[in-house]
């Protein structure tokens, strides 16, 4: 990412085109040349283990996936779809806002790679991972 | 998996303990010595791309994660949590029931690995992947 | 894979074009519509832990990578390069022939996915994993 | 990593205990609180594609694996073995010294995660990835 090609409102609009992002309540917080930061508020339907009230791994995987995707988009690149996703779970995510930060690892012509971390609102690393994203074929 | 240690109703009950599984509407369809089969009905909130009505990659990742986890559980092993998850996206998942099949790759003492595939109701492979799951420490 | 497009001698020739495959001593054992089977003899330079004489994880990763790649090639498809690789280590690989079996998971137009397992000569699963491979752009 | 627990000579000694590291010619270059830096000289046996003289993906996977492992070791933690490995290939690695940098992502009690990048000697990112490493069980 050099200067972000999209402003925060544009990123928020693009995010909200997806019904699942609206359900998750994703908010674009900041975007600069280094990273995109998103937040997701808690909602009780995301709980996996009701005893410890932890978020389902699939919810954290969703956040990693979309944060990597939008890190590319925010920088003016438009990935077509996720090719593959890898997520490491470090600590249970218990009720509270989730803070996701995405960075581009490598901008490619057919595949780009971006990483994302998810932290609790007090800065504890909960999960991190990477997506490989299909880039659109350019007209020749 | 040899003979499945848990019956279908037990698996369904365990699945439904998780609020997120209830939201996804996961149903246990069959469990035998080879594989666990689950189904997830469509719901419009899971859409990522509203133009093609495709399910969000995070929803498919959720299914891969939980299907691998419950393949272990169905065979009488109780994973403690997902350590990491890897998902390949093969084809867009458009409206319709999603059929997930999970198999154990390797039962380990601290980490077990299980794989899962997701197909459309007419048998087209949409996504596949693997989870590595923490196994509980046994008392010594 | 339907009928394998390449015969065993063709596969062996293609394998040996790579100096690293010659160093590893990779042999093509069988190729049919379902799977490609390769073998790698032991050599002492691959040891990681000298106390247990186990093969380095990178050697097993090399085998997973190349076995997935050649499963695609054997079926008449020519991947251009590996995009990404994921390997699970199940058990230490101690001295003896390593038997690798590769299968295509999904043949795609830009990315194909293949999996591979590595077993000891007496059939114990040592490692398994997947590669995502770039497919060449077809002329339009 | 806070202050590195091992000095460079200790790291070099530990690296060289593995015959495969000696074959690769791995050298410990620097270790501080943030990262471990290793170098690997070129050798012709690592070539995969003889036309472009590129290093085999398995060699880069070996470097990612061992650099993550030794980033943990350098900080005074002793991983027992690699549990799983994920590698992204960004650009072909052509003849020249490979520079690998490893960082700890998360130090865990049973699994730790570390990442590594591989660059050419002129700083071009060639490959990057992560390993999940088994941590030894502590006596209770």
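To keep things simple, chains are lettered A, B, C and D as they appear, and every chain counts its residues starting from 1.
By our rule, contacts are C-beta pairs under 8 Å (C-beta built on N, C-alpha and C of every residue); 3 or more make two chains touch, one makes a residue touch a chain.
Since the model is a prediction, treat every value here as computed from it, not as a measurement.
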Greatest separation from chain C - chain, by CA centre: A
Tally the contacting C-beta pairs at the B-C interface and at the C-D interface, and name the larger one. C-D
Averaging over Cα atoms per chain, report the distance between chain B and chain D in Å. 33
Calculate how many whole Å lie between the centre of chain B and the centre of chain C, each centre taken as the average of the chain's C-alpha atoms. 27
Between chain C and chain D, what's the gap in Å when you average each chain's C-alpha atoms? 22
Shared interface positions of chain A, touching two or more other chains: 83-84, 86, 88, 113, 132
Give every residue of chain B touching chain C within the complex, in rising order. 86, 88, 90, 105-106, 108, 113, 125, 128, 130, 132
Sort out for me which residues of chain A touch chain C in the complex. 83-84, 86, 110-111, 113, 132, 134, 137, 140
Touching chain A in the complex: which residues of chain B? 17-23, 44-50, 56-59, 61-63, 65-66, 81-89, 92, 129
